[in-house]
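In order of appearance the chains are A, B, C and D, and numbering begins at 1 in each one.
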Amino acid sequence: MRSTLRSFDLAHLAHVELLTPKPEESLNFFVNIMGMTETARRGDSVYLRGWDDYEHHTLKLTASKTAGMGHVAWRATSPEALERRAAIIEHAGFGKGWHDGDLGHGRTFAFNTTDGHNMELYYETEWYEAPPELKPSLKNHAMRFPARGCNVRRLDHLNLLTSNVTELRVFLEEVVGLRTTEMIVLDSGVEAGAWLTATNKTYDIAFTLDHYRARGRFHHFTYALDSREEVLRAADIFLENDVYIETGPHKHAVQQTFFLYVYEPGGNRVEVSNAGARLMLAPDWQPIVWTETERKKGQAWGLKTIESFHTHGTPPIEEYTGPRNDVSSVDPG
Amino acid sequence: MRSTLRSFDLAHLAHVELLTPKPEESLNFFVNIMGMTETARRGDSVYLRGWDDYEHHTLKLTASKTAGMGHVAWRATSPEALERRAAIIEHAGFGKGWHDGDLGHGRTFAFNTTDGHNMELYYETEWYEAPPELKPSLKNHAMRFPARGCNVRRLDHLNLLTSNVTELRVFLEEVVGLRTTEMIVLDSGVEAGAWLTATNKTYDIAFTLDHYRARGRFHHFTYALDSREEVLRAADIFLENDVYIETGPHKHAVQQTFFLYVYEPGGNRVEVSNAGARLMLAPDWQPIVWTETERKKGQAWGLKTIESFHTHGTPPIEEYTGPRNDVSSVDPG
Amino acid sequence: MRSTLRSFDLAHLAHVELLTPKPEESLNFFVNIMGMTETARRGDSVYLRGWDDYEHHTLKLTASKTAGMGHVAWRATSPEALERRAAIIEHAGFGKGWHDGDLGHGRTFAFNTTDGHNMELYYETEWYEAPPELKPSLKNHAMRFPARGCNVRRLDHLNLLTSNVTELRVFLEEVVGLRTTEMIVLDSGVEAGAWLTATNKTYDIAFTLDHYRARGRFHHFTYALDSREEVLRAADIFLENDVYIETGPHKHAVQQTFFLYVYEPGGNRVEVSNAGARLMLAPDWQPIVWTETERKKGQAWGLKTIESFHTHGTPPIEEYTGPRNDVSSVDPG
Amino acid sequence: MRSTLRSFDLAHLAHVELLTPKPEESLNFFVNIMGMTETARRGDSVYLRGWDDYEHHTLKLTASKTAGMGHVAWRATSPEALERRAAIIEHAGFGKGWHDGDLGHGRTFAFNTTDGHNMELYYETEWYEAPPELKPSLKNHAMRFPARGCNVRRLDHLNLLTSNVTELRVFLEEVVGLRTTEMIVLDSGVEAGAWLTATNKTYDIAFTLDHYRARGRFHHFTYALDSREEVLRAADIFLENDVYIETGPHKHAVQQTFFLYVYEPGGNRVEVSNAGARLMLAPDWQPIVWTETERKKGQAWGLKTIESFHTHGTPPIEEYTGPRNDVSSVDPG
């Protein structure tokens, strides 16, 4: 059933706008520790990319009073797909209208998720053109390998917190056109997490229940490295640079990603990961459903995840005293 | 322009039928050295798969008088896609009609390429169900990791020889619905090689000019490993088992695959490879065109490819005395 | 000062006798999961080795009522070194006399440590001669790479529990002739752990305070793999075979070893690890002294070690109700 | 027999003085591409080290009219070992007298090899003390991991060319006190190559016949990386920086080192390598003797080594017209 929903309208996750209250420290982190390259600046924002990201940017870093996600953008597979999908979203009542785009991409349709996260969709893009000193030796990657810091290759996926997993999952499947590949369903029947994809990657976006029952928060985004050995070396580099390592390196049971989570200076969680040769090639993949019991086993090799991984999101929540979701068996990988 | 051709009708490369004059030795190679698992036998064929291939088989190994490829099969994205694409191929004059399928898959449409290679297309498939002793610990991969030999994960791509690259490329783009991601064009203007994909992998099929100007020959197929470290270890394992290593491990300039080529006992070339985090996410990727001069530089790190890599294909050609194509700068990676 | 103590009498850690109450299950673990090779059987013992161990065996697996270590043996650098060192140990009052040796090695001097662990020293050894079917392709490693299970390469080090770290360290330095490379000293001034070497490896033996104040217990031994990638794959293999993973893979702060600890079926802890290119080449290396505060930071990348790593040893201690050592900041890596 | 020769007087290879006609370009290569750190400058020399070299420097880069090796230095295991070994070398007639040392080390005994290479021996050394900004997070490695270029860890070994392998080998064994671990003996009985060690590494120095029958030339030196994956990444970095890659990455049959050879801008050959967990622990290791037939098989996985690897040394030899040694089966790994 799910396979018939596959729309092919979305090509891939395109970029994330990250808000930071410490813009200079955050910029230093992304450039010198993550090894990213600045492509442009405008207003309070700096535009950045990994060495094999093909577009103008995959990260828009914006100074802000608080940490969090500004918006996330998807690229459509064609001009027609953009129009078609925008109409579906508009019709479903989530549209916020068209705008002229931003540095690096053209006309853009903005919308909200069921949980209030800001999303955008566009087709026209500016392919990154490396300046002479950054031209690669092999013309089939985007830019010279930087050999600086963690050398992140490309944006991989995004992870959100939500007050209602089911609503967000159904919205992303039926309105936005993604496919669910894995999910967590608690013994109570409540969906606690979902992983969805627009591509042959096993997920492009994931989300889990917000411990604080808040709406629209951000958990992390992830840049891909070429090997698990590079993820291990990244851990050394984070350690040497006093970057807070929250958990990892280790292997998730869900999706089997080899993960490493840190906090960038602005307080947002950032992941570097590697997935090996795992891809989702089957057009009729049925979602893997993890039970509460299964998820209580911890990560793939038995690691118990530390408390903050279940609760820390951005913007941070202070002095919250209301009811909370029990997310102890929910792993926002 | 090319992006508008993208059909989304083909989901992925599904399986290859390999012909071998030494069926027992070939079977031992694939099971004990490559680390594959037998799912079934029928007639002169044994059906095999890598530990994370989700279908019944990705390799059909068939006893035959000579080495070569029996056929290659693709899986469609839906029943409708199968019908639609079969009709297009039929209309273009390459169809060979429908049959009931084979072990592991249902109704199938057979066709020829412009060069006479046998291809098939189907949708209905039998998902592999691991027997109790082979159940994985994590339910999101297909089968227990074998920890035997090279431990190949999944079928990755296919490589053919052809008497006419342009014809085959245009056929696969316009009739079959694939996208070209990289190609080699000689100074004479003759296309000497092309790499095409149905997925977000950077290629699912590739082909180059046949040195002997023969039609319909096979160059190699490739199973994916999770890391370059595993490819290096595979080289040790091949060496310890007297498997002929033709070239590698090294990195291709074209597609940047980390490769290792051997001959299985039947004489067919087999590759194990790893591509890291490289994917083709852009919906409007323009083919990278390599010139003759560029390709004469050898592989990515300067390795000169040995002669046989340009000339050896299956079925082998003996005592050929006619004109030949100069493929010295053509690298069928 | 310490460098003048270096004796060069001990060549390397030679083998460990491991006691198991489940001899068949333990043997299956070491052969099929660790990937070791059986060289001989005698009485209640099976003799085993990794694929590049040069001696007859590095593990003597002996059926016993309880888990634990039977003895550990060192090889001397020469016949003269054996005599000289035996005389020193005898003179210090720890000698237990000479015996004729065992399968694989000749005349042997037995002695106790200050804590009652059984140790042996010998020089004459039987170099492993691979049978024809296990001859390696390259004649500079001991045996064909097995391509089975974790493929452990060679015995690396031994880890003990002790009731008195200082006594054991001084004994091993001054009487046995090892060098200390790293140690843990608590704020109270009590030594809580020490790592010593006979070679250019950074340690061949380590020991920490026994939580239960017992004498002569065993913590783990370790086989070396060629890469961190192989340690990660070993974790997958342990998971697939229901082997209990206690902690890891992660990197120790002390000695920086990339570790993975499991329990073999008999209850003994076993480690697989990789140390990269780190060696102790300096002849005058001054021991690194870790403080209590430093060790409370957890492992290199912040992992908190689980309780059992501090307390579980073999033979196991049941129903103990006496005083205990606080080992919460002691990491027996 | 050979084991009785083992002296334990030499601790390890200490540093190499490299001569370069392009000092600025060479310095840029070692700092920005190899990832080394400058510790001092004096006269025409810059002193450099890898991030885990414990001494003041392991490379002294000296401006010169031609490429080549200035000298190679060894560290003794103790003051007594220095005196003892110097007396033996002096008595054998190879001594060139004592001098006060250099930046980073004290009183030094200079001598020639049988082939005229300049060697030095000392004990007193200056341990590297990282400045605050380069302090490591873990106090058991020498300096902060640089995360720049290839990140070479430590000096590993040295490789020379010689007019007479046997003479040089016997000199290094009997006079200098090293052990031979592997060697190449041609069908004619002529020794064509030898690998010797002072440590538990399988070699610290190697040498092969000089094709041009010259005396005292230099083949390459090698810095160790932590993994084969890092060697592969180094190849990418060399490629991106237009560094000439001569051969590799591949695995030597002799010593099984995973190698990658490049030319630094001054024309000297430099290697980065990784040896995994292979060590030479046996005190009575008998040298592996490779025959001419065996060596003609190429490298471990079949790579044919390119001509220049057999002939290029520094200082370069131009317009030589005399008799030459046939080194086609000699692999100076």
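Keep this in mind: a residue touches a chain if its C-beta (ideal position, glycine included) is under 8 Å from a C-beta of that chain, and two chains touch if they have at least 3 such contacts.
The structure displayed is predicted, hence computed values, not measured ones.
Summarising the inter-chain layout, the chain whose CA centre lies farthest from the centre of chain C is B.
Taking each chain's centre as the mean of its C-alpha atoms, chain B lies 43 Å from chain D. Our note on geometry: chain B versus chain C, Cα centroid distance of 47 Å, whole angstroms. Averaged C-alpha coordinates give centres for chain C and chain D that are 32 Å from one another.
Residue positions of chain C touching 2 or more other chains: 138, 227-229, 236, 239, 300. Interchain contacts join each chain to each other chain, per the touch definition above.
Contacts from chain D toward chain A in the complex involve residues 33, 136-138, 144-145, 147-150, 227, 229-230, 233, 236-237, 239-240, 242. If you check the complex, the residues on chain D that touch chain B are 227-229, 232, 235-236, 238-239, 245-251, 258, 300-304, 306.
Remark: chain C residues 3-4, 6, 8, 11-12, 52, 54, 75-78, 127, 138-141, 153-154, 156, 182, 199-201, 224-229, 253-256, 274-279, 281-283, 288, 294, 300 touch chain D in the complex.
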